[in-house]
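Shared chain: subunit A. Partners: subunit B in the first complex, subunit C in the second.
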Partner chain A sequence: MAEIFIDNNRYEFEGPTKVLQFILDQGLELPFFCYHPSLSIPANCRQCYVEAGQPVMNRETGKYEVDEEGNRVIRFFPKLMTACSLDATDGMVIKTHVTSELVRRGQKDVLEFILINHPLDCPICDQAGECPLQIQTYKYGPEGSRFEHKKVHKPKRIQLGPRVVLDAERCINCTRCVRFTEEVSKSNQLTIVQRGDKNYPVTAPGTEFDDPYSINTVDICPVGALTSSDFRFKARVWEMSSTPSLDITNGKGCSVDVWTRDNLVMRITPRHNPHINDYWMPDAGREAYKIYNENRISRPDLNIDGDKVKSSWNNALLTIAENLDTVKPSEILVLGSGYGSVEDNYVLGKFFSVLGQEQAHFVPNILAGTGDNFLISDDQAPNTNGCRFLGFNELKPDSINKEITSGKYKTIIVLQEDIVGRNLITTQDLSNVFMVYLGTNNNDTSRFANVTIPVTTAIEHVGSYVNVDGRVQRSMPAKETVYTDRRINLEMSMGRLDHFGTRFDNWVSDKNKVDCIPAWEFFVRLAHEMNKEFQYNDVREIISEISLTNKHFSGVSYERMDNELGIDLVNKQKEELNLA
Partner chain B sequence: MEKFEFTKEELAVIDEIIAKYPNPQPAVMPVLWMAQDKFGHVEPDVQKLVANTLGLPESHVHGVATFYTQYYKERKGKYVLDVCTSFSCQACGAYDTLHYIEDKLGIKAGDTTEDGMFSIQSVECLGACGYAPMMQITNDIYVNHLTKEKIDTVIEDLKKDKLPEFEPIPLVQNREIAQEK
Partner chain C sequence: MSSIDWKSYTPTLIPNIKDYHKIDVYEKHGGYGALKKILKDPSAHTPESVTNAVKDSGLRGRGGAGFNTGLKWSFMPKPDGGPRYIAANGDESEPGTFKDRVIFEYNPHTFIEGSIIAAYAMSVSTVYVYIRGEYRSWIRMMEKAVSDAYEKGYLGKNILGSTFSVDMIVHSGAGAYICGEESSLMESLEGKRGYPRVKPPFPAQKGLWGRPTTINNIESLANVPLIMNKGSEWFKNIGASTHPGPLLYGISGHVNRPGVYEYPTGMLISELINDVALGVRGGKKVKAVIPGGSSTPPLRGDSLEGVRMDSDSLREAGSMLGTAGMCILDEDTDMVDFLWRVSHFYHHESCGQCTPCREGTGWLEKTLLKIKNGEGTTRDLDLLLDICGQMEGRTICALADAAAWPVRYTINRFRDEFEARVKNTVYALA
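Showing the complex of A and B:
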C-alpha cells in the first residue's frame, strides 16, 4: 500500500487521489475555495498551498537515498504546491499550515490578496455565518490589510436569472458556478467576463440564467456573491435548525436538508447523497417550502350543506365512523397516494382490509416528457414506487372517473391526492359519494370533501418514501405540529433560537404550528372509535411490520436508511446474491 | 435591425481555422478577429454569430471578447487611441498623457467623439515598457515616447487620415551605434 506523510503522520492510500481530497477524507483541515469534489480542478484560488516533497531515489540501486541519521532524503518542490491539483505519490511528504511557517505565510498572503477588493461588510452579508471566506479569514487570514486604496467597485444586485442574484463585488472568481453550468447542468449559461480586478461571472448579453438547477450555484458559492432571490435576507444561518429530509416535489426524491426557524421552513438545500443526487437538486424542489408553510389545513373541516366548517377531531371521527358503519366494505373506494409515505399508505390499506375492503388503489402522477434524465423525473410524486410495492392497484388517470361514476362506491377515502385539482374527476361526479380527504394543503379536493382531515407533511412526521429508482429514504420531523415538541422528541433538531428562546420571546409564534396528525395515527383513532382491534403506538412499529410482512421491504429499518443514505429496494436481492 | 452573417468564403476560412485545433474553442479568438475586421466591432449580436458559427455557448465567446480590450464590444470611432496605463507607463506619466488627450478631444476614456473620429481607451500593458509612455492606434501602429507636442501632431495627422509612420527604436545597448549611423 502506498504511503504518504502529512505533518509527520503516516497515512496509507490506494489508487489515484489528489492530496487535498485525501486530507479532507482523513478529516483533517486545509483551507480552500475553488475546489469542489464533483467539479474539475482549476486551482485558481491558490488557498490550499502546501509544501510537498518526494523521497530521492537512487536510480541505480532503485532504493531511497538516506542521510547520516538514516532518514530518507526528501526533495521538496521549489515552490508551494496547490494540494487540490497535486497527485499523491508513494512516499510523498506534505507539510501543511500545522507544521510549516511558509504555508501559514502563503495562506495569509493569498487571503490578503483575495480580500483587497472584497467588501468587509460581513454583518450585512447574507452569507455571513456559513461563509468559507469569513471562516478561513478568521483562522488563517492576516490581521489587517496593507492596501489603503479605494476598493474596486463592481455591479451589485444583478438579477442573473429568475432565481439567482449576483453581487459582483463579493465574488472571488473561484469559477465554481461557471464550472457547474459547464459540467453538471450543461447549460453553459455563465462565464467570467472582463479581466484582472474587474472580473465577475455573468450570462451572455440578452440571455438569463434560467437553468432548472441554477440555485445550486448559490450553494457552492464560497462567498456571498450569488444569493437565491427567494431566500436572500430572509434568515440568518445561526437562527435556523437543519434537518435531513428528502425532496417531495419529484419522483427522484433528492436528499435535502430542511432549514426551519420558528417552525417555518426558510429554505431547502441539497444534502450529499452519492446514490441519488450527489451535491445537487433541481430548483423546483426548493419551492417545497411553500407546501410546508402556506395554505395548510389546520383542524378537521366538515362540509355542511356546501359550507366548509371547522370542526373538532371528535366530531370528524364520529362523522366518518357513522358513515363507514352504514356502507358495505365493497362500497368503499380506498385511494392511496404517491404523495403519502409508505407507512401512511400501509396503515390506510391495513385499516380498510380490517373493515373488509382488501384492495386499495392509487393514481400515479406521471407527466411524460417533463423529466430530464438527471434529477428531474417524469414522476411528480415522491412515493409512487412505495404504493406499487405495497400492492396497491394502479389506476390509469382516466379510469378513476369511470370507477366512481359506476355507482359501485358510496364512500371514498382519499389520502393526499388532489383528484379534483388534477382533473381526474369533476366535483359533479363526486356529488353522489361521501368523500373523506386526508391532506396537507387546501386544494380543490379538500374544499369539496365531506370531511377533510389535516395530516402531517413529510417534514412533520417520520415517513419513508421510495423514489423512481426504488431507493427508500425517510424524512424526519423538522417542523412542530400542535401535538409535537422539539424539546421532547429527540429526533427533532434544535437551532439556537429553539435552544435559548422562550415562548415569551417576540420572535416565537404559536401560529406556525399546524393542528394535524400523521395519517396512520388518524386511522388508529378511527379504529378506536369504531371498536376495532387495530393499534400502532409508534411509526417504528409500522415500518418493522412492513419489513417483516412485505418482501419488497424485507430488512428495511430507519437505522439502515440513515446509515446507508437510503436503501435500494430493487437491486437489494441482487446485492445479497452477490455477497453469497 | 442589422443582420450579421459570414459569407461562404469566410465560412470556408473559419473551417480551416477550426481544423487546426482538436476542438473549436481555440478558434474563438481568430474568428472574433475576422468578425471585427468585417463589421468593425464585436457587439453582442456579432458574438452570437461567432458562437453559432463555431457551435459554442454564447457565454464562452462573450467571456473571451470581454477579456481583451482589443475586441471592441461596442461601436468605436474610426481611430481608437489605446493609451497604456499599466505600471511602467504610469511611472513615466501615462495619466498626464491620457488626461491631455481626454481634454484635447473633450471626451473621457471609454468614450467616442461625436463626429465618430476618435475613441480613447485606457488599456493594460502593450509590451512597450521601454518606450513609455505610449499608445496604440486602432490595434495597429504604436506611438512611443509620447509628449504633448507629439500628441498634437498625431491627432492633427489622424484628422487628415494620415497615420503616423513606424518609428524604429533601437535597444538601449545599440542606441549609440544607431545614432552614429
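Showing the complex of A and C:
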C-alpha cells in the first residue's frame, strides 16, 4: 500500500486523495478556510500550507536514492504547498506546523493578511465562538498586527435574500458560498464582484438570494459575513446546547442539530450524514423551531358545548375512557400519522388491538411536485414509511371523509394529523363523532376535537422516524417538558458552560416547559384508567419489542441508529433476501 | 562593442512595407507562403515536424516567461477526436508593454498565418485571439484581418483545398490585467470571472472547457511563419544564442524617441537607449531601467554596463527579460513616487482570489503612500520587505510576485532615496 510521512509519522493510504483531506481523516489538524470536503478545491485562502517533498527515484535501478546514512533522499518543492490541492503520492513527505518553522511562519503570515481588513467586531459578531477565523487566529495567528492604515470599507447589512444577510467587510473571500450555489444547490445565485481587497459575494442586480437552501451558506461561511436573518443576534453560541436530531418538516428527514437555550429552540443546523443530507438541509427545515417553541398545546383541552376548556390530565383520561367503554371496537377509527414517531404509532395500534380494533389507518401527506430530487421530497411527513412498515392501512386523502360519513364510526382517535387543516374532512362531517386529538400544536383539528391531548414533539422525546428512502433515525430530548427533567434524563446533552447549578446554567426558567407527555405514555395511562393489561416503562422497551416482532425493524436499536447514522431498512431487507 | 550587427538588421516581423496589414500586400510579398507550403505537401510537413522545427529554432515565448514555444506545443496530448484549442494571448496589460498592438496594426496576417500553422502542428481546430478590451481599434483591425483571411480561404473549412480546417475567433477582454495570466484568460474566455486556476492540471491537459489548450503570446505566434519560411537555423542565428530571434522592444519613458523597435535579441541596453531611442530626454542621466514591463526588477542606471536584453544577461544583472517592454527613468525621477504608482497598479489589478496577494498589494500601496507623503518611518521600509516575503511564491498565479518584486528590488537598489524620505520622521530617542 502507498505510504506517506506526515511529521515523521508513517501512514498508509489507498486511492487518490488530497493531502489535507488525508490529514483531517487521520484526526490530525491543519488550519484551513476555503476547503470544504463537499465542494471543489479553489486553494484560495492559502492557509493550509505544508512543506512537501518526494523521494528521488533512480531511473536506472527503479529504486529510491539513499544518502550515506541510508535515509531516502527527499526533494522538497521549492515553495510552500497548499495541502488541500496537493495529491498524495507514494513516499511523499509532509511537514506541517508541528515540525516546520517555515509552515508556522506561512500560516501566521496568511492570518496576518486576512486580519488586516477584517473588522475586529467579534464581541458583536454572531459567528464568535464557532468562528474558524477566531479559533485559528488564537492557535496559529500573529500576536498583534503591523497594519497601521485604514481598513477597506465595504457594504454592511446587505439583505442578500429573504433569509441571509451579508456583512461584506467580514468576508474573507473563501468563495464557499459561491461554490455552494454553483455546485450543490445549482441555483448559481451568488458571485464575487469587484476586484482585489474590495471583493465580496453578492447576487446579480435585481435578483435575490432566495435559493431554498440559502442558509447553508451561513453554516459554511468561515467568518460572520453571512448570517441568518432569523437567528441573527438571538443567542451566543456558547449559551446553547446542541442535540442531534432530524428534520421533521419533510419526508427526507435530514440529520440536524437542535440548538436550545432555556427550553427554547434557538436554531437548527444540518448535521453531517453522508447517507441522507451530506452537510446540507433545506431552509424550510430550520423553521421547525417555531413548531417546537410556538403555539404549543399545554395541558389537555376539553370541548364543552363548543368552548375549549383546560382540563386536568385525570379528567381528560376519564372522559376518553368513558367514551371508549360505550362504543364497540369496530366503531372506533384509529388514525396514526407520519408526523408521529414509530414508537407512538406502534403503541397506538397496539393499544387499540388490545381493545379489539385491529386495524389502524393513516393518510400520507404527499404533495406531488413539491420535491426537488435533492433534500426536499414530495412527502411532507417525516415518518410515512414508518406507518407503512407498521402495517397501517394507507387511506387516500379523499376516502377518510367517506369512512366517517358512512356512520360506521362513533369515535375517532387522531394522532398528530391535522385532518381538518389539511381539508381531509369538514367539521360538519365530524360533528356526529367523538374525536380525541393527540397533538403538539394548536390547529384546526385541535380546536374542534372533543378532547385534545398535548403530546411531545420530536425533540422532547426519544422517537424513531423512517424517511422516504427507508432510513430510520431517532431523535432525543433537547428540551424539557414539565415531566422530564434533564437531571435524570440521561439522553439530554449539555452545553460547554451549561453545568447544573453553575451561574451559567441557562435552564432555570419553568415558563418554557410544555405540559405534555409522549403519546405512548398517554396510552399506557389510559390503559390503567380502563384496567387493561398494557404496560411500557420506557421507550427502549417499545423499540426492542418492535425490532423483535416486526420484520421491517428486525435488528434495529438506538445504539445502531446512533453509531451508523441511521439504518437503511429497505436495503437491509434486500440483503436478507439475498442471503435467503 | 556590440557583437550584434543591429544596424544592418532588416525588420521581418514589422517590415518596412507600405500597407503590409492588407491581405493583398501581404500575399504579394510571399504571405501565407509557409502555410501553402505545408498544406500542399502534408506528408513532408507532418505536425510533428512543424513542432520540431519550432522547437529547434529556439523560439522562446515572448509573453514574459520565456519558455520554449515548440516544447510547449509538444506537451499537447495526442488528438482523441475531441475539441482542442489555441488561445493567443494579446491581453498585453503589463505597464510598459505595447508590442502586440504593433502586430495587430501593421502585420496581423503574419500572426494569423502563424496561428494556423500552430493549429496544424497541434491538430487544433479553434484559435481564440484574446485582446484586451482597451484596444478597441486594434480589435477592429484584427476582426477585419480575420474576416479577410476567411474570405481568401486561409481560415475555415478545408483550408486551401486540404483536409485541414481551423476557425479563428477574436475575443475582447474587459480590461483586467489578471486576464493576461493564461489560466484566468481561459476562465475569461469561458465567460467566467477572471480567477487564475490552480495548476496542475496544466492547460495542455485540461484547458478551455476541460480540453487540451495551448496559450501562446501574439508575438511568439507571429514568429512561426518566419521559422517555416527561412528555417530553424536562420532563426537560431539571430541575436542571443540562448534566446534567439527578432524581438519587439517597446521603449518608453524619458527617452527622445520612444516606440516599438524590431531588433535581434541580446541588444545592449545602453545601445537601445542611446542609439535606438536617441538618448535620454534633455541629455540627462539614466537613473533606472525597467527591462521588461513593470513587474521586472528595475536596474540602476549605473549598473547597465554590458547588460544585454536576453534572459541570461539580465538574470546576471538581477532582472528579467519579461516582455521586453523597457521603461527608462531619468535622474529626476522620484523613485518613491514611481514605486507607489507601480504598487497602486498591482493593488488595483489583483483579482483578490488568494489571500496574500489580495491583502498584500493593498498593504504595500498604503504603506508606500504613507512614505511618499513623508509620514513613513524607517521601520516601514523593513515592513515593506517583510510583506514582499510573505507574498512571493505564496499564491496561485504570479501576480503576487509581480507586485512584490518591484517593491523589493526598488527599495534594495534605491534604498538611499527611500531612507532620505523617511528620515524626516525618525523619532528622537526618548
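Miscellaneous remarks
Here is the rule we go by: the second predicted complex is superposed on the first by the 562 of 580 C-alpha atoms of A that agree within 3 Å, B and C clash if a C-alpha of one lies under 4 Å from a C-alpha of the other, contacts with A are read in each partner's own complex, and residues count from 1 in each chain.
Operating definition for what follows: a residue touches a chain if its C-beta (ideal position, glycine included) is under 8 Å from a C-beta of that chain, and two chains touch if they have at least 3 such contacts.
Owing to the predicted nature of the structure, the values given are computational and were not obtained by experimental measurement.
When both complexes are superposed on subunit A, subunit B and subunit C end up clashing with one another.
Of the two partner chains, subunit B and subunit C are each touched by A:Thr191. In the superposition on chain A, A:Thr260 makes contact with neither subunit B nor subunit C.
Looking at the superposed arrangement, the partner reaching more residues of subunit A, out of subunit B and subunit C, is C. Touch criterion not met for A:Thr484: it reaches neither subunit B nor subunit C. In the superposition on chain A, A:Ile116 makes contact with subunit C only, while subunit B stays out of contact range. When the two complexes are overlaid on their common chain A, residue A:Thr203 makes contact with subunit B while staying clear of subunit C.
When the two structures are aligned on the shared chain, A:Ser85 is found in touch with subunit C, with no touch to subunit B. Taking chain A as the common frame, subunit B overlaps subunit C at a single listed stretch, which among 21-29, 39-47, 75-83 or 147-155 is 21-29. Residue overlap on subunit A between the subunit B contacts of one complex and the subunit C contacts of the other covers 191-192, 194-196. Considering their complex, residues 181, 188-196, 203-207 of subunit A touch subunit B.
Those residues of subunit C lying in contact with subunit A across their complex are 176, 193, 195, 198, 347-356, 358-363, 366-367, 370, 383, 386, 390, 393-396. Across the interface of their complex, subunit C is touched by residues 41-47, 49, 78-80, 85, 106, 109-110, 112-114, 116-117, 146-147, 149-150, 152, 172-173, 191-192, 194-199 of subunit A. Against subunit A, in their complex, subunit B makes its touches with residues 44, 47-48, 51, 57-63, 66-68, 124.
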